[in-house]
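Naming follows writing order (A, B, C, D, E and F), and every chain is counted from residue 1.
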Amino acid sequence: MKKVVTLGEIMLRLSTQAGERLSQANQLIMHYGGGEANVGVSLSHFGYDVFAVSKIPNNPLGLGVKRHLQSHGVHTDYLVTGGERLGTYYLETGIGERSAKVTYDRKYSSFSKLLVEELDFDEIFTDVVLFHLSGITPALSANLQEVALLALQKAKEHGVMTSFDCNYRASLWSHEEAAKSFVTLLPYVDICFCGELDAIYLLGIEKASETLTREEKLVFYYEKIKEMYPKIQYLSSTFRDVHSASNNDLQGTLYVDGRLYVSKKHAIHPIVDRVGGGDAFAAGILYGVLNQFPPQDSVSFATGASALKHTIHGDCNAFTPEEVFQFLENGSGKITR
Amino acid sequence: MKKVVTLGEIMLRLSTQAGERLSQANQLIMHYGGGEANVGVSLSHFGYDVFAVSKIPNNPLGLGVKRHLQSHGVHTDYLVTGGERLGTYYLETGIGERSAKVTYDRKYSSFSKLLVEELDFDEIFTDVVLFHLSGITPALSANLQEVALLALQKAKEHGVMTSFDCNYRASLWSHEEAAKSFVTLLPYVDICFCGELDAIYLLGIEKASETLTREEKLVFYYEKIKEMYPKIQYLSSTFRDVHSASNNDLQGTLYVDGRLYVSKKHAIHPIVDRVGGGDAFAAGILYGVLNQFPPQDSVSFATGASALKHTIHGDCNAFTPEEVFQFLENGSGKITR
Amino acid sequence: MKKVVTLGEIMLRLSTQAGERLSQANQLIMHYGGGEANVGVSLSHFGYDVFAVSKIPNNPLGLGVKRHLQSHGVHTDYLVTGGERLGTYYLETGIGERSAKVTYDRKYSSFSKLLVEELDFDEIFTDVVLFHLSGITPALSANLQEVALLALQKAKEHGVMTSFDCNYRASLWSHEEAAKSFVTLLPYVDICFCGELDAIYLLGIEKASETLTREEKLVFYYEKIKEMYPKIQYLSSTFRDVHSASNNDLQGTLYVDGRLYVSKKHAIHPIVDRVGGGDAFAAGILYGVLNQFPPQDSVSFATGASALKHTIHGDCNAFTPEEVFQFLENGSGKITR
Amino acid sequence: MKKVVTLGEIMLRLSTQAGERLSQANQLIMHYGGGEANVGVSLSHFGYDVFAVSKIPNNPLGLGVKRHLQSHGVHTDYLVTGGERLGTYYLETGIGERSAKVTYDRKYSSFSKLLVEELDFDEIFTDVVLFHLSGITPALSANLQEVALLALQKAKEHGVMTSFDCNYRASLWSHEEAAKSFVTLLPYVDICFCGELDAIYLLGIEKASETLTREEKLVFYYEKIKEMYPKIQYLSSTFRDVHSASNNDLQGTLYVDGRLYVSKKHAIHPIVDRVGGGDAFAAGILYGVLNQFPPQDSVSFATGASALKHTIHGDCNAFTPEEVFQFLENGSGKITR
Amino acid sequence: MKKVVTLGEIMLRLSTQAGERLSQANQLIMHYGGGEANVGVSLSHFGYDVFAVSKIPNNPLGLGVKRHLQSHGVHTDYLVTGGERLGTYYLETGIGERSAKVTYDRKYSSFSKLLVEELDFDEIFTDVVLFHLSGITPALSANLQEVALLALQKAKEHGVMTSFDCNYRASLWSHEEAAKSFVTLLPYVDICFCGELDAIYLLGIEKASETLTREEKLVFYYEKIKEMYPKIQYLSSTFRDVHSASNNDLQGTLYVDGRLYVSKKHAIHPIVDRVGGGDAFAAGILYGVLNQFPPQDSVSFATGASALKHTIHGDCNAFTPEEVFQFLENGSGKITR
Amino acid sequence: MKKVVTLGEIMLRLSTQAGERLSQANQLIMHYGGGEANVGVSLSHFGYDVFAVSKIPNNPLGLGVKRHLQSHGVHTDYLVTGGERLGTYYLETGIGERSAKVTYDRKYSSFSKLLVEELDFDEIFTDVVLFHLSGITPALSANLQEVALLALQKAKEHGVMTSFDCNYRASLWSHEEAAKSFVTLLPYVDICFCGELDAIYLLGIEKASETLTREEKLVFYYEKIKEMYPKIQYLSSTFRDVHSASNNDLQGTLYVDGRLYVSKKHAIHPIVDRVGGGDAFAAGILYGVLNQFPPQDSVSFATGASALKHTIHGDCNAFTPEEVFQFLENGSGKITR
């Protein structure tokens, strides 16, 4: 029984080559991805039967989404077809001091119009071990807030472990709107990915004292969240030191049973593509939890998986657990031959 | 006094490489274009001061439109900025027996929301020799039908010669809707690009007898149109024999003073890119009319220009009149060195 | 019940760009494919649950095969992993008068070492409607001759319809060797793809009279084959007039119940990639047979599907039945927008 | 009144991909650029009506120059056409420890043959706020020394603010030749870009004491220059610490009213393309001066603009003032979405 | 004893992708080539020890020439190094009705300044079986006329067979200038490649009667040439029917001992790259002559070699004699596997 | 007398673009190379007449090897043709923390089947100054152990200086097998490239004390090796600090006459391609030895050459001695123009 379900939008990403401006470009690189589906792709490479729930238009780009998921072994049986268009965004790739710049063109997407009636959650959640959702879904429309809530409720009805990644996007909704939605969802969540800013601005927790280290602050926030939502068993996030768009340090954390576990710090330099880095981390945590790894091992695995993701193009982390473990052992950059 | 004005949508075209399916593609080629602006680009290369009237979003793709027009010397002073998105379409390039396939994603575009109040036609039409419009504009929204009508009226008020290309798009509106719009516009038109199907389905003319040659049929339709809209001085269209997506024969026609002038037949094989081929033809006719070429010369020039357009990528015909004339003289495909 | 099984080698194809020589190339385009799997990919796009039986090495190229099949929705549950290497070939792409040139590097492949013991045909053939095999498989090794024979026998035991494409490859075995193998296999075959040369050189039928048309000749051979192997219900092949590597005419044939049905002739010009053209045709025939199309419709559909395949890169025909039907109706090369 | 004029050669740059040697390359990337025109392009993106004065051959490469300038909104009315060839150079792109290597092929260029008689400075300088010139122009030919001098004189006659970038190129002339020319030009200059080496080798100032910091040395040189050419109001240059071809630190300076203003240090890593980095800086200073920014703001803006330039391919800095300001505020390399 | 010598300029060719205009291009494809060296490359692939005599600049482009020749096995011992620049030309690739367009930038090249004193013909011609030269060399400068004449004289002194390809280039000199030069060279020539236009405009022969076939006309001209230059043993040329830039028919001719031998007509469609097609033909004739093939075989071989050249990018024909023979036998465009 | 001979396998390398996984790639970059031939290529650019001894299949990939060597001026007279296939490997390019990953497909290669009888060492070693071999050759097959031994013996018979690079590959043989082979070869070696691990695991020397610096350890091992094989005059290796796949520090060492000479440390960042970096170093040492440079100069030159190699794609170091010296002098990454 290794069935996993994700629910969320899958978009077309159109990126420039590094060193090009979007307004001057004459070709674009295509990738498909979305926070929840990216987590699903990782879990598929980790050996799970992942089913992506989403809605795609009945056109070649919708078909492209399907092909993308299938190539990673993700099942597309629960993709609803219809609506007007595929959510799209343009990424002017960042490099060095210059940040990446996103131009969204996702309004009116098929997924944003998905209705509760179009999904049969009783069928979807049969024999499922894990359901993963992110805060982007309720941000997209009122109907999706309904879908997200029902999905979590149904998952718990079927005894499914639930995972939620806050993933706040300021371009989609305000802190207040997000807070109002999250308060309805979090009671049904077992594993929650959220960081300091989420705790303060979305969950309404007061700022921790500035005298604390960042690890101590996180513990402070996580304790408060546990108090508010006692069903949450795991809390997790990453520290990312952004030296430049090409050079980040990344460190993962996992809070469980009142203790914070922290991975080693990965120096990611150069960054090939950081889109999906957080999703690769979340999938790593979920893999550890599903396999009952000791928490320290989970967070090391997850951070390693995320570091690897940063070295390949596209949203998706196509590494097997064996490759991640090998990377953590040797990870020196030495050629193997 | 060589100022020319065009009004219409300029879209982002995202095309596959020949031999690739859109659903399997991993990169796309970017072009910007639109029927009226393409005519403007040709006329700019023919020596006119062309001003494109349109509306673009305030984002890098809108800026891309501006750069595109400027690179061809087209003035962008009358580009209105605002709205939500740039009209976009995906082109799965055709080859051989397989046709090109368009996936539109143009709904909700900035241009489709352009309002009459956003344009100052009195300023725009000052000192203008020609105004060009196509039937795509009124097809996009009710407000654009208003814009189109006012534009033609204002142009005539300022003594500007007006050109209209029917350009019927079945995916945008029905024959009935188009007919209802065109009947309001055509009284203000001096030069009209329309073919047999337009005459029958949009202008409501009965079908010509099947015993006539295609030239005779065209004369039949054009006579009827002249009766209905006596102010139209020039009527023009092309015969295109589509042997395959890579192989067409093209012949241009121009009807003036009761007589039809027909160009030689160009064998276009292979076709590099046929998008914009009709616009290149229209621009050629307009160049001939503006320069008072004998009608036979106009139609030969226009058809040559259109044939050249088919041999380059993108919507736009960046050939000078000298290059077109040279092509008509030597056009054998011989290398010149 | 729409399960289909194919058995055969899937190779890595490394092709040059058109206009490049392999010995001068500095990059190669990767495709994965194999006769039987290509048929399976088409049938997957036609709506079947296709399972590819094969053997791949445990390395990134073996994984590439898996991803390739999955992206087309083909199930990889019956891919055996092991052995030394993936069969590979280099294709110097032909153009105009210059033929494509294949450099094989397929010896010692994992698939060629596949043993009968590695497959559980009773599981594989449960609930299957069709099994497809080609003459390349027994050509590769003695053990594969055993595998091929057992597969056909087991398929018939399970009441599965069987399809066999002769696909003679002179570089792999002699006419005599092939004949010796085919005589053991054909008694278990329901649908057989073979042409004039196969009939003469592999099945040992005397040459038809030169005074006959090519259709009459084919009828002559097919009648003889029916006499020798009365269980064969369908015989099929194509006429290909090779004007150049870029320009072929293609016509399909299907012989059933004593009558030969012939499709219209498709002018394929230019050819983008002819590898897999025969497989696309075979898949089309199988689709027609499985859906009990009238024979004339089957052969038209199959030839149309094959013509479309020639217009895209790669071994695989990613067109839906709807697209093939639409192509047969309009197939003029006209742009649709 | 926002008209700006630049005068200088615009060349074709043909670059290798990073990691390729020119002698082994099989394709080259094309860019057009020239020190003065690059400054003009930046100022066009900063909102000025820039006119580039230059001379181009009457061939497709000359036309390429024109298209390049137009795409950035630079006016080409003062491009003289004629002569034999476009100045060209080949750039073997550097990376890491290996420096970029320039192979010049610019002799006999159309611009180098430009004569005083071909330009009408009275028309050119009408209503102009700024004229920019560099030391490359007089380095190219005796006639261009005449052109440069007359241009500066005429600019001052028309009350135009003048800017001069020393831009010494050892491959074009000796220190002595440059010094002889500069002494005639500098009396007409308001804003001068020059560094320590220029001060010593071209302006003949004695070396500053080695005990001084580099800022103090620069003040020493700038004071001397002010004494020699009291009309110069602004002196400016950059400190560039070259760690490798991919990794530089950049800091800008601006000297005005007896005081040196220094920007923060930008760590530029990796460098995408450093050609035009100095021109982007100069344009930033000029923008600050024209808009009467406080000197500290000018130098920060200019250095930020230059840092951004290093992150895109090509000679030109297509960033708006808003983008530069935003970069200075956030510039952390964080993705914005 | 298989030493062959060629003398001539080797240029850098910078071509656009098909379907692009040079003025709009942003990358160019590099090839090196020159009429005589191209003949040498073919003869190297045919098994000869070819030595290219030329002059290249001491820069990476000169080195590129050397690498190019070496990669084809041509010896570079007689390449003189020096001068200012490598002759360069830009090729806007033609397609369909649109011709290729050459923009020359070859003036002031190192080769054009080559002096008689820089070459030691006594060493160069030791043990040589064939010397090949074309009419481009004397067209480039007065000193090269001297070099060409001395080369032919010295070759004959050393008993070397000499070959001369008229290769008239209108952009380099007038008919009169060419005629004046050729009259001094042809007395030393054994094998002459020239066509009808050369005969009339360069060798001053009256026009043949229009009632003759093109073969008869050629015989007429060749007889006259034999009278004027009795030492010429072989005369040869091609008939090229240019249907379009992508579609030519090619037929070779060879005149020897008073009889004209004509090859079959090759339909070359599509043409990948026709530069060097004539050189491949000349090399084929020379190969036949050196190996004393029957004339009909020589002309068939040469035309086949030239047809093959048209199917690959670059100036050079990298086919072995075996490949050419195989092509002539099967040349149907059938895939071989 | 500048003839140099190398003996070893030359393979086809098929690499992914940086940031791509092999299993997801759709094109591969081709390079040819092999340890010994790479050394030969460097020495050819350093002015030697290098002859590569190897065996290649009679197919386009074998021809590709030949063209590759020739383009670098390496003589191919001693390439034996025959056997089944060219040794091949796939390289998933590493970046940042993620290492490059090699997938070998080299078994059954033509070279691995090379027999002693196929080579005439008496001819090969006539007039030779240096013979270079590596430990990869005896690792490939028993017959190649014979070939390697005879080659070294024959070289010494002809008075040729011999060089041997241990180049241990764990994927090809065990430490014990390598040790057994090396003990037979080293008595014939004059210059030996080996590091600490080679000394311990292949030559059986006890581990040096951990209290020593790495330089002192190396001296310890080298002294022991000198005792065991007193004919070895030079011992050499590099220290490589691998910070990541993109960032290494490199320092070369050379031991001669009882003293260790160490180069400055090169910071190689980013690394373009590290394959062949060791070969470039070895070639640099050999160049210094052949030219009797002071040892410190040899090791500086060699390390500089190796650093340069890391900045270009492909196995081969196409830099002249002048370029290496210039790099050592200026090597700051400053653009030179």
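Points worth noting:
By definition in this document, contacts are C-beta pairs under 8 Å (C-beta built on N, C-alpha and C of every residue); 3 or more make two chains touch, one makes a residue touch a chain.
The chain list, named the UniProt way, goes like this: A, B, C, D, E, F = 2-dehydro-3-deoxygluconokinase.
Given the structure is predicted, the values throughout are model-derived calculations rather than measurements.
Looking at chain B and chain C, the chains in contact with each of them are A, E. Seen from the Cα centre of chain B, the chain whose own Cα centre is farthest off is F. Looking at A-D and B-D, the interface holding more C-beta pairs in contact is that of A-D.
Counting the residue numbers used at the interface between chain C and chain E, under half appear in both copies, so the two copies meet with largely different residues.
Ranked by separation of Cα centres from chain D, the top chain is C. Separating the CA-averaged centres of chain E and chain F is a span of 42 Å. In this assembly, the C-alpha centroid of chain C lies 46 Å from the C-alpha centroid of chain F.
Chain centres here are Cα means. That of chain A falls 63 Å from that of chain E. Touching of two or more other chains is recorded for residues 21, 23-24, 26, 67, 101, 270 of chain A. Contacts between chains form some other arrangement here, matching none of path, ring, star or all-to-all.
Pairs of chains meeting the touch criterion: A-B, A-C, A-D, A-F, B-C, B-D, B-E, C-E, C-F, D-E, D-F, E-F. In the complex of the two chains, the chain F residues touching chain D come out as 266-273, 307-308, 310-313, 318, 327, 330-337. On the side of chain C, the complex with chain F involves touching residues 14, 21-31, 59-61, 63-64, 67, 84-86, 88, 90, 92, 101, 103, 105, 107-108. Considering their complex, residues 18-21, 23-24, 89, 94-102, 104, 169, 171, 242-248, 270, 274-275 of chain F touch chain A.
Only residues 67-68, 70-73 of chain D touch chain B when the two sit together in their complex.
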